[in-house]
Amino acid sequence: MPLGDNRWGKSEVRVSKVLPEDGFVDITVQVLLEGDVGPAHTDGDNMNVLPTDTMRNTIYGLAQEHLTHDVERFAEVLCGRFLTNDYVETASVSIEGATWQRETETGYVGGSSQRRVARLVRGGRESTAAGVKGLVVLKTRGSAFEGFPRDEFTILPEATDRLLATSVTADWSYASLPADTTETWDLVRKTLVDRFMEDWSASVQHQGYLMGEAVLAAVDEITEISFRLPNQHHLPYDLARFGMDWDGTVFHPVSEPYGDIYLTVTR
Amino acid sequence: MPLGDNRWGKSEVRVSKVLPEDGFVDITVQVLLEGDVGPAHTDGDNMNVLPTDTMRNTIYGLAQEHLTHDVERFAEVLCGRFLTNDYVETASVSIEGATWQRETETGYVGGSSQRRVARLVRGGRESTAAGVKGLVVLKTRGSAFEGFPRDEFTILPEATDRLLATSVTADWSYASLPADTTETWDLVRKTLVDRFMEDWSASVQHQGYLMGEAVLAAVDEITEISFRLPNQHHLPYDLARFGMDWDGTVFHPVSEPYGDIYLTVTR
Amino acid sequence: MPLGDNRWGKSEVRVSKVLPEDGFVDITVQVLLEGDVGPAHTDGDNMNVLPTDTMRNTIYGLAQEHLTHDVERFAEVLCGRFLTNDYVETASVSIEGATWQRETETGYVGGSSQRRVARLVRGGRESTAAGVKGLVVLKTRGSAFEGFPRDEFTILPEATDRLLATSVTADWSYASLPADTTETWDLVRKTLVDRFMEDWSASVQHQGYLMGEAVLAAVDEITEISFRLPNQHHLPYDLARFGMDWDGTVFHPVSEPYGDIYLTVTR
Amino acid sequence: MPLGDNRWGKSEVRVSKVLPEDGFVDITVQVLLEGDVGPAHTDGDNMNVLPTDTMRNTIYGLAQEHLTHDVERFAEVLCGRFLTNDYVETASVSIEGATWQRETETGYVGGSSQRRVARLVRGGRESTAAGVKGLVVLKTRGSAFEGFPRDEFTILPEATDRLLATSVTADWSYASLPADTTETWDLVRKTLVDRFMEDWSASVQHQGYLMGEAVLAAVDEITEISFRLPNQHHLPYDLARFGMDWDGTVFHPVSEPYGDIYLTVTR
């Protein structure tokens, strides 16, 4: 039977590097290749199956010369290397960088869920994207949700001013890489946080659109930005059951289920 | 700026149900809707934004009449319900069912990572798929990896007979739903396990292809099947460093990094 | 300032082994040592600090000769080895074994949350214990919770017949190791499951006591057994809010918060 | 058979609160009670079994009046409340507070693994403790590990200047609660970070001792402090296998196994 889409690679390759002049980089890399490997699937012929162990070693080997805070350029170097094999048609490299807050010349505090993301595809098709994951933001006022349709399963009250929290996942496409990818990433991250904190929003959807619009306005090289914005609900706790009046301060944060909002803003 | 693709819904809705004649069902549901909600994003107009809380309630409300082991049909009922709203163009429902081993009439043992998956899309576009996640399989012999290309970063030895382990994620598309979706799911699952255990394979890719081919041969309604097969490496531990000979029995299972293999088999 | 209690070791050492006659073992080991290492803390003198890397290597090195399904005896071998260093006073070894269901001579299905546990302490103080973790059980009938005290924060209805689910963690102490530790472990596990399924219980506490009593009755070498039994609540979903009658079948399983019950049964 | 130690309670109760003058609190609470509940275990008599659901409700009910950043005092209020039941002998309350960085009057960034911990026990026995969890710190220089004993399983090279990373868990006991528990907690946290960053250490043990000594010197009310310090290894990657020289910059961070160091410093 015919083989359809396929790719192979290495995931969760963890690399850290001390940059003598410039701090500390801590990344997790995924490489996925596509190419002339049909016979590997159908006949067990591994002639063109670059071992995933080799991919891992290549990442470490090239990190010594090429890994800096500019993770997009390291991804570019990796893609280029894998494409030197003529049986590789497309190379995809995704990098997630951990956040370390520098405290002293050699000391850092970590533990943040925030990740800087770079995703490059080169070869048979090409794309250049960056992103952020695990950017957790919350505001105690400045968001609403009202005027929505109701049916017999609707019991949600209208909210004119509610607490809003989410863990932002955003991915944006670059028409071309900006000169300083770290500076640009920092600007996008700051724009996302500022707009979340400062813009009044009528819904998670509205909040996301305003954030996306602002990012596109701030960075010329970005052609579109996509969001996943899970609504990390903090629910009023029903104290009336105990003969108490809820005074608007105590909430019940719930891990599941959660509202799940996806949107893209383009030019 | 223009709004691009978007959808909204509820994730991680956990529902369990005692079926008086037929055991116990324990599922987690995700609903995602697409429709006429542009103004919600750009202008904060929620007129067509069915609350995700309402989606949650709808799932429980309809579960009482409609939820059985045939999770595809429950997904169908949910999609149909959400499409009764004329502003909803497409409804996607994904269901993951936990595995409970029945021990007595009312008693069950759980704790398996295995999930039965159903994914239906209805409305503006349509698809019907089922799958399995977290199906962890291992064989101590019957797999190899040799004849692969080598470069200066290749140190992996050829393996003529190696231990192979993976956590199978498979998704298959149905041309039409089989009469008994549970019986079919059980047959696919059994086919995957049997082929993994019994077929000699030259690589993870080869193993996956053989499994996919067998599933397509076994079930007429399936048009294609896609796999993600992470290679859960068990590495020989280098005892030579301590002056010992490795006798082929002791391994070091590593969680990261892992070989990551994706493939699709079609008709 | 004085140094108080201290210990050092290696955690999460993963080892697997193919037993040519007898299947497959897959364990995670923790070693913790206590001894004459005060100066290491106060003065940075590492003279007696056996490296944790050496502990790791020792586990693999001794696994080749000594690791079998009888994990208590492997723990005994490891403790003995570490105590050959005269500066080590006490060695603690904990082992958690994964559950693999044998399907063919060389093939296994895994993915269970269930772990077989062994915990040995040797040297300055001694104890021998075994246990189970992640044994998830559920019964749809045969448990109650009524007759409890009420105050102004109590809204829980009395339940004369409720669904009960938990993930059993149990640890039992051996006066002496039984001849066949695997056979004994299997008997304890079966006793726990059977009593959970078959005994009517008035509460989680009552259920746990009945299970503990039965284990002590079944195995002479066990002197006491301790449980942690989180109540994995499946709550009736309040359909009355939608004008529906709850027919007793649909539940909302909640991950948090959970009732948390600890108890020990002794002789 | 005799019942041994036992307790019951509620875990993972999540509560958040907007403090109109003073920001945002986000905690997870565990309550465990001990008391006259033997017959509940042996005879199914729930007369004295305060429902864990009532404990949950009590936490929310009392949070409205009593929850502030001073989580130790909220724990005190909760203990006091549960001890008003004459069948409760001992009440233990543990609180873990999430870290939210205030950005604007109403806006916060979260996502840190760091937790502020309070643990109070009142009634039959009493203790008052605070702590920190998930404080991830790393320094690229300023730590060593040399002069350790060697045996045939020792291959670790001596390190005169190594990268050191850990996720600090520390718990300290208070002779009496300081006047401002938040200010004291901040001081302890700052002391831990400063000493980690600034003190040269000969081992994780040495590093922990220096940190503990400094905390005891800084806060009179603290009688002792205990640490768990997992060594989050960043290993030199062996580039010599590819004919390269390792220049001391590229590391392989490994999640497992890890060195596991426990110590207590007292007065």
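Here the chain labels run A, B, C and D in written order, and each chain numbers its own residues starting at 1.
Everything below uses one rule, namely that a residue touches a chain if its C-beta (ideal position, glycine included) is under 8 Å from a C-beta of that chain, and two chains touch if they have at least 3 such contacts.
Note that the coordinates shown come from a computational prediction; the quantities given were computed from them, not determined experimentally.
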Chain at maximum distance from chain A, centres defined as averaged CA atoms: C
Interchain centroid distance [CA atoms averaged], chain C/chain D, Å: 23
Where chain B and chain C are represented by their mean Cα positions, the distance between them in whole Å: 29
Chain A: positions in contact with at least two other chains: 14, 57, 61, 153, 155, 241-242, 255-256
Chain contact graph, described as a line, ring, star, complete graph or other shape: complete
For the chain D and chain B complex, residues of the former touching the latter: 152-153, 155, 241-243, 255-256
Residues of chain A that touch chain D when the two form their complex: 14-20, 24, 26, 57, 60-61, 63-64, 67, 100, 103-104, 106-114, 134-142, 163, 165, 167, 193, 196-198, 234, 237, 239, 241-242, 244, 246-255
Footprint of chain B on chain A - complex, ascending: 1-14, 30, 32, 37, 40-54, 56-58, 61, 85, 87, 145-151, 153-156, 201-206, 208-209, 212-213, 216, 224, 226, 230-231, 255-267
